[in-house]
Amino acid sequence: MTTPSDHFILTLSCPNRPGIVAGVSTFLFEKGCNILEAQQYDDTETNRFFMRVVFNVVASEASLPEIREGFAAVAAGFDLTWTMRAVAEKRRVLLLVSKFDHCLADLLYRWRIGEIAMDITGIISNHPIETYAHLDFDGIPFHHLPVTKATKLEQETKIWEIFQSSGSELAVLARYMQVLSDGLTAKLSGKCINIHHSFLPGFKGAKPYHQAHARGVKLMGATSHYVTSDLDEGPIIEQDVERISHQDSPDDLVRKGRDIERRVLARAISWHLQDRVLLNGSRTVVFRD
Amino acid sequence: MTTPSDHFILTLSCPNRPGIVAGVSTFLFEKGCNILEAQQYDDTETNRFFMRVVFNVVASEASLPEIREGFAAVAAGFDLTWTMRAVAEKRRVLLLVSKFDHCLADLLYRWRIGEIAMDITGIISNHPIETYAHLDFDGIPFHHLPVTKATKLEQETKIWEIFQSSGSELAVLARYMQVLSDGLTAKLSGKCINIHHSFLPGFKGAKPYHQAHARGVKLMGATSHYVTSDLDEGPIIEQDVERISHQDSPDDLVRKGRDIERRVLARAISWHLQDRVLLNGSRTVVFRD
Amino acid sequence: MTTPSDHFILTLSCPNRPGIVAGVSTFLFEKGCNILEAQQYDDTETNRFFMRVVFNVVASEASLPEIREGFAAVAAGFDLTWTMRAVAEKRRVLLLVSKFDHCLADLLYRWRIGEIAMDITGIISNHPIETYAHLDFDGIPFHHLPVTKATKLEQETKIWEIFQSSGSELAVLARYMQVLSDGLTAKLSGKCINIHHSFLPGFKGAKPYHQAHARGVKLMGATSHYVTSDLDEGPIIEQDVERISHQDSPDDLVRKGRDIERRVLARAISWHLQDRVLLNGSRTVVFRD
Amino acid sequence: MTTPSDHFILTLSCPNRPGIVAGVSTFLFEKGCNILEAQQYDDTETNRFFMRVVFNVVASEASLPEIREGFAAVAAGFDLTWTMRAVAEKRRVLLLVSKFDHCLADLLYRWRIGEIAMDITGIISNHPIETYAHLDFDGIPFHHLPVTKATKLEQETKIWEIFQSSGSELAVLARYMQVLSDGLTAKLSGKCINIHHSFLPGFKGAKPYHQAHARGVKLMGATSHYVTSDLDEGPIIEQDVERISHQDSPDDLVRKGRDIERRVLARAISWHLQDRVLLNGSRTVVFRD
């Protein structure tokens, strides 16, 4: 369901115990709020509870700061990890890309027509801007940050400076083909989404389409996940596959993969920006739309 | 999520207004219940609210009748249409079948291994029991009710008598190839699930696989829906498809269709029996597992 | 399989009889050609035979005209309807579009990176060029041809003139939201591909996403087909679907549909341009890649 | 396409070179045969050619032995590895199973209604026949062969004796949960199909559903492959997947997996029995129906 701009989104997770839903919903009701959407998940293995609530204010003049302030008491009572924000406040997103720009072109299109609501704070590439001559960046700052083994530390330091100075809340590796160092991944923990061009955990590492071809699998896929220091092992947000056959060469897989990659990455970003993705250890809870 | 036998399921729908979730969840909390799963849907077109709650009793000795009795007051306040039942109470289901028994064989298998929790009250066919010589009915009463135009009224009267006398709550047309009369569909409203062997609304009526072949579609499907007097127009519960090609003859579609039909029907029945399907006019709200 | 530029493609269809494959393959062998790919289909209902062969010249200096000339005798003997062309000769394609440009943007991207090998001869829209300010047309002629009931004949005459004068071989209705007249569809028979935003034959005509929402289907789709005078009834080339739920509003279907539409249309165009689609009455034979 | 019982199937593979199709098709034509279906694949990496031809005899009285004898000369000329057999001759198949019988029940059903044309030569289990009390074995010999580490050699010797003495051509591990020794897999090379309950190469080895749950993947699958001494690394014949979510417990995956497993295994067996699967090193060429 699409969420208009006067809506607010609350997410929370906490140790499970009776009364959480009652506590949260009663608080919202008393503040004059109406719950429009709610999803919850109770992880019986870890005994952890997860919830996402979309609400608007219908019976009061309460502002977001007021509601947040009031909610802090509820949150303390249930030991909640929580976020509450206005849908109208667009998230600030930094895009990183290398030579292949199909995900970048796709994200720019979805952003332009309003399908993905975000402010793009910049585009970082290890290739020069001429690589993307046919894309309309529409005034988005472009940063050419070439990288070699010797300059990796400096280059990543610049990435982090751009991320911070631009007020970015999310970094998207839109086929950015450099492995981030542990230092940078640590800083971007939970704030950096990658698209890997295989159906993980199959075919980690380099040239996954060639690996898939060599193994002779009958379906190929792509995986969008949060970046962690453990390469291709981060919490998975979304995956999708297409059927292939013995006829498909590695080049065919690359071609067919572009379609899968761009839709998997776009979904993962949309869901992250709509607070539909909650971390649950090394896994995710995804309240899909 | 699978739901153990000490669980209870509450479903409700009502005109939307603030406070419903708070009211329901606070009631359950005060009765000593713990909410394990909850799904809700707010139909902004019709302004109707739908909810399904799975809970157990953790902090009291409240019995289902006591909880039901207490909940009646909440229900009246919000003008709820509601159900509340124990997962442990198996629903009673009557199966109807004609010559093709792939759905019947599949349902019997899922029932036997406990995948679909139900009591099968009987099997009605317009074909004799010898048709199913290789199936183990395991003591389930079998009723051979042949039917002609001239005897349709009497035959359907018998079906209804068997449904009632056996305490059945759901009738499943598991490839029962007779069109039910308006009289019988009216009595079974919301309590009768059919499997139609096409992706509705395409290819209504007879021989849908031949229609699909003639039209040259590239995907074929099956649809499970509640039976209404308007043939093949009842509220859809579940659909699925498979890719086909120009190579597939009508016989190939029949063969490939069997796999789709049996999984679509099994899902629809499971979800109905788990109170995951709520009627919303001519459509359904399905809280999928 | 991708087909390099020294490859040739032969397609043929004819009344079925023994010896066709032997006749065709022996001819090619004797001309010094090597068969790289071959697909065939024998329609036992209509007794018609369909074949697509990809070959290159390995053991002679034969040119395409020479091979074509020699093949004419084989063709006459088997009463073949046939085409033979060099993969290197790009087909000339005219794009038509209305306000929604997601298919246009997608096709331009695939064309630019060489995924779809074609020469785009022009872009016709009933909306002004400003509508597409963010798309890089890269010198492709743009024709703004507004249309009203009163001017439809003149507008379609201009479309046909542009199609002819630009040497176009295929017209693509990339979400062009005007119904073509019988006169124009007749001229474009077998040379005009449309994308319809429903899983045909369900939801023909206007606002199919709203129709799908109203009917409560559980999967939505898109269909690419050749345009005929019978609206939404032309031979289907490709279809695809995605799962939806009760939560999806018509706007959500529009959003999710964009992804399906663009990939279904792109596949249909690619396959047409690679001579993978052969007409078989009101259906198609599609030798998928 | 279904293949009637007067059809013959020829499969072949050989080093690629011009003239193979011409040689094969001309031979068949001269023997009075009509090609009904043909599929071919040219592996440009290994320069190996693969072909499957379905034909019948229309213009002569040639018998299968005569055609085979004549074809031997063609085969020698092109260095073919080839098979030719009558569709009417049913293949003999030995089934192995452990406690979970969903694949066994499914295969028995498909066999009974004629969907999978085969003669079942026996059912071997490491569990007693009472485990399958509700299945109608219809006179198929049942062999209870319990196994421990100490008796594995003897037990596998018995399996091999039964395979040979029953004239079996294919062994199917229909959720047979014992790892075959290298000795037995060597004897059954290319003649033994397994169903692994994961989307390989992800989650090899034991408890794949638990592994999939722990990793948090968003799609789960099953894989049917030829058994080799390298566990879960044999050539893949067919795979399929279903979408799952954070809500799915390992038990839910087991339940949902049953549906995938049985259809993946059934397809793999059907295609093998119809000579649609050709080995290509560690991969397969599958001419799907």
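Order as written gives the chain letters A, B, C and D; numbering starts at 1 within each chain.
The criterion applied here is as follows: a contact is a pair of C-beta atoms (placed from the backbone, for glycine too) under 8 Å apart; a residue touches a chain by one contact, two chains touch by 3 or more.
Protein identities per chain, from UniProt: A, B, C, D = Formyltetrahydrofolate deformylase.
Source: prediction; values computed, not measured.
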{"item": "Of A-C and B-C, whichever chain pair has more C-beta contact pairs", "value": "B-C"}
{"item": "Greatest separation from chain B - chain, by CA centre", "value": "C"}
{"item": "Inter-chain centre distance, chain B versus chain C - centres from mean C-alpha coordinates, in Å", "value": "41"}
{"item": "Distance between chain centroids, defined by C-alpha means - chain A, chain C (Å)", "value": "36"}
{"item": "Set of chain C residues in contact with two or more other chains", "value": "247, 249"}
{"item": "Residues of chain C defined as touching chain D within the complex", "value": "17-22, 25-26, 28-29, 32-40, 42, 58-59, 243"}
{"item": "Touch list for chain C against partner chain A, complex", "value": "1-2, 102, 105, 109, 112-113, 115, 134-136, 138, 247-249, 251-252, 255, 258-259, 263, 289"}
{"item": "Chain D-touching residues of chain A, taken from the complex the two chains share", "value": "41, 43-45, 199-203, 214-219, 221, 235-241, 245-247, 249, 280, 282-286, 288"}
